[in-house]
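Chain lettering (A, B and C) follows the sequence in which the chains are written, and residue indices restart at 1 in each chain.
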């Protein structure tokens, strides 16, 4: 069902693979609610978190996920790494590889960096965000959250609002949601919703310059984070104006379906891309997304390291019962 | 005996609760002297160290304490955190909470930050220092050290010398020592020993502008660290003069009780608030404090996570025998 | 066979001790090739990595080594440490010691820093690089790599090229290789290969100003990294000229023995001290060195913490069979 060495993006995955990943993630969700939040599934495995961009939540989420599966984790951040000594990414990767890790989780400002690593490493590689390309575990956790609250993904109307152009979250979500049969509407300031984006998927994707029309009857609204550090490029006049014209507030929310749900990859800029009343409101699933992120990352770590494939090579579609058994019994 | 979710300060604790914490800490002291320095008490629990101020010793002490109890630990420091991305502390906390940690250990420059977290989190919160407010585990380790060497706390004369005004260590110690019946004398440069401080506790506290009088017959002397970074405020003319007028040297030590003991929260500024002859002398318990800090933090982690309360909800005053059993037998 | 508390340098070791260390390292090499890369040998032990200079590979190597032996690891880097608060190294060490670690792994810009720590600490101390003095685990991993590919060390001709003057790698290798009977030739720009270096060992060492002569018939070539940060001192005109006159390229490699091997401590500066064709060529063992580094560090951690010495105090020369037993059986 999922016999890959790496998770580099959603683009390469089949709908079946995505669904299997979500099913396994669901079976892992329960572990973090136990008193003993740990299963022995990946005992003796080494996971290296290699972050070339700062990130609290994604790094922490992968680290906790690995620890709850009993793997050993090593954190390497760009500031402390040999990168300052002028080593190439390829040499860094080869050197880490020589220490026989089982998985490398990489975040890098350049699109394609994880793919390059995956080609040269025997270890599995997980893309935790590469430039403006993909952020597959974010799309998976978004899908898990939608499925949890809507029961399905096919047929839903999903609006994604914000800086589509620079967003790896938008790209990975566009791939995933259209593959599973949703209708995806991308909206935001003109220069940030480029025509070229429409060609990304085979169908189900619509560029919509008018934010109110994009929200009309939407079942799911994914609000993207405004990257303040990119403001110099002047894609829109000011944060204040962005809030007025594109921020998701209670008034805009009225245009959506009566039972619509609101998501955001975090960290949120209150009062800019999302009003506090919306972020803290009953439709907001922002914290569910974080909890589901942990389950998705546990599932990805587990599946890439051979979970669901028995030691005899037989694949099994059953939930990983032994993997999620309470440690006390293990 | 200790049925709290959080440890936010000494101010809220009863004398009985403090005594129970010290008793449990005593039973944990021995673990770090074993060859196998580990017990399975908190296996499968997640402890997040969230430090918004740099600290080697406190962070390391909590991390080692958690590991010796077999908990999983995650370190988050301000520089690497989403704080740089403009997220509020509340949102950071909510997001961490969504990953289902069992305990958050927080150090923050703002007084009250841990209390705010404690209100919104199901996870327990430990205050590892909040602005000039409290540093409860420091006061507990100081008390454990005094008890170890003096056999009691009630009736002792304790002098605290230094920048009382800005010191969370002084505040937590003033609360704890007066609750347990000691006579506490606060002394230091005039502007740093404000009148208002005298109202902190219900009794047993004395402001004493004259440092020599404060030391007269003292059984315990707690020397506070001079925060060099606060010197700009010009509360005293120079480090040199501070050393001359307030530094604890051998001559000043003569005024204290013949069997007096000297403590300091560290890191020490040699030759400024404490002379090397005193810091390295036979009365100095500075390193005992560090060792006791580990035991106190193990006790706090253990008790907040339900230690001493059986799974049937019955409380027990017995020492945590099973918790401290050697891992080999576990 | 190896009954020391500390590993401070190669200089103090006997040839027998070195050979025993290499033998034990060999028996550990296999662990990192297993699916479950973990043995319970150091369960319940605490290893503190105390790095006062940035380093990805050495810190990561020690951290993974400790984790694969089931030890708990704590990372402390200079930037986050109390050093910024003006504490002396001695006080930092005494304080860490009070937390009862079993081993301190230290990297420090000052030669002799690990030796000072070793004198005051009950815990074992491992020198992970002290100024321009020694880097013993690097020399051990180099020797392990040579032995693996050449079957012996005695009688081999080893050329070390580069900034000999400032290189702790060159010093530790000069000590080790001459102790085991190799002929070592040191070469590089004149000011960087000082006469005084010739007196380091009792024999087998030769200073050779002419790089081509140093390479003549060499069995092993160890290329040192050019420390770009030291260029200001103007020991040589430019990186470009360094590459031309001292860089190891295919042409220079022709002068060496037909089955010569090439090593480099990393990270490499491609096109400066080593040409890419050589670094990526069939004679390059740079990644073998990294893998062997892990095995060497596991062996050092294991031996310093009493491995090979039974609980009854009997020494044993047998390979640490029980230590390397698969965790599943443990």
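Throughout what follows, a contact is a pair of C-beta atoms (placed from the backbone, for glycine too) under 8 Å apart; a residue touches a chain by one contact, two chains touch by 3 or more.
Values in this document were obtained by computation on a predicted structure and should not be read as measured data.
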item: Copies chain A and chain C touch via same or different residues, half shared test; value: different
item: Size of the rotation, in steps of 5 degrees, that lays the CA trace of chain B over chain C; value: 120
item: Gap in Å, rounded to a whole number, between the CA centres of chain C and chain A; value: 40
item: Residues of chain A whose C-beta touches two or more other chains; value: none
item: Residues of chain A defined as touching chain C within the complex; value: 43-46, 48, 72, 74, 76, 80-82, 84-88, 91-92, 94-102
item: Chain C partner contacts - residues on chain B that touch it in the complex; value: 32-38, 54-57, 59-61, 63-64, 67-68, 77, 228, 266-270, 287-288, 290-291, 293-294, 327
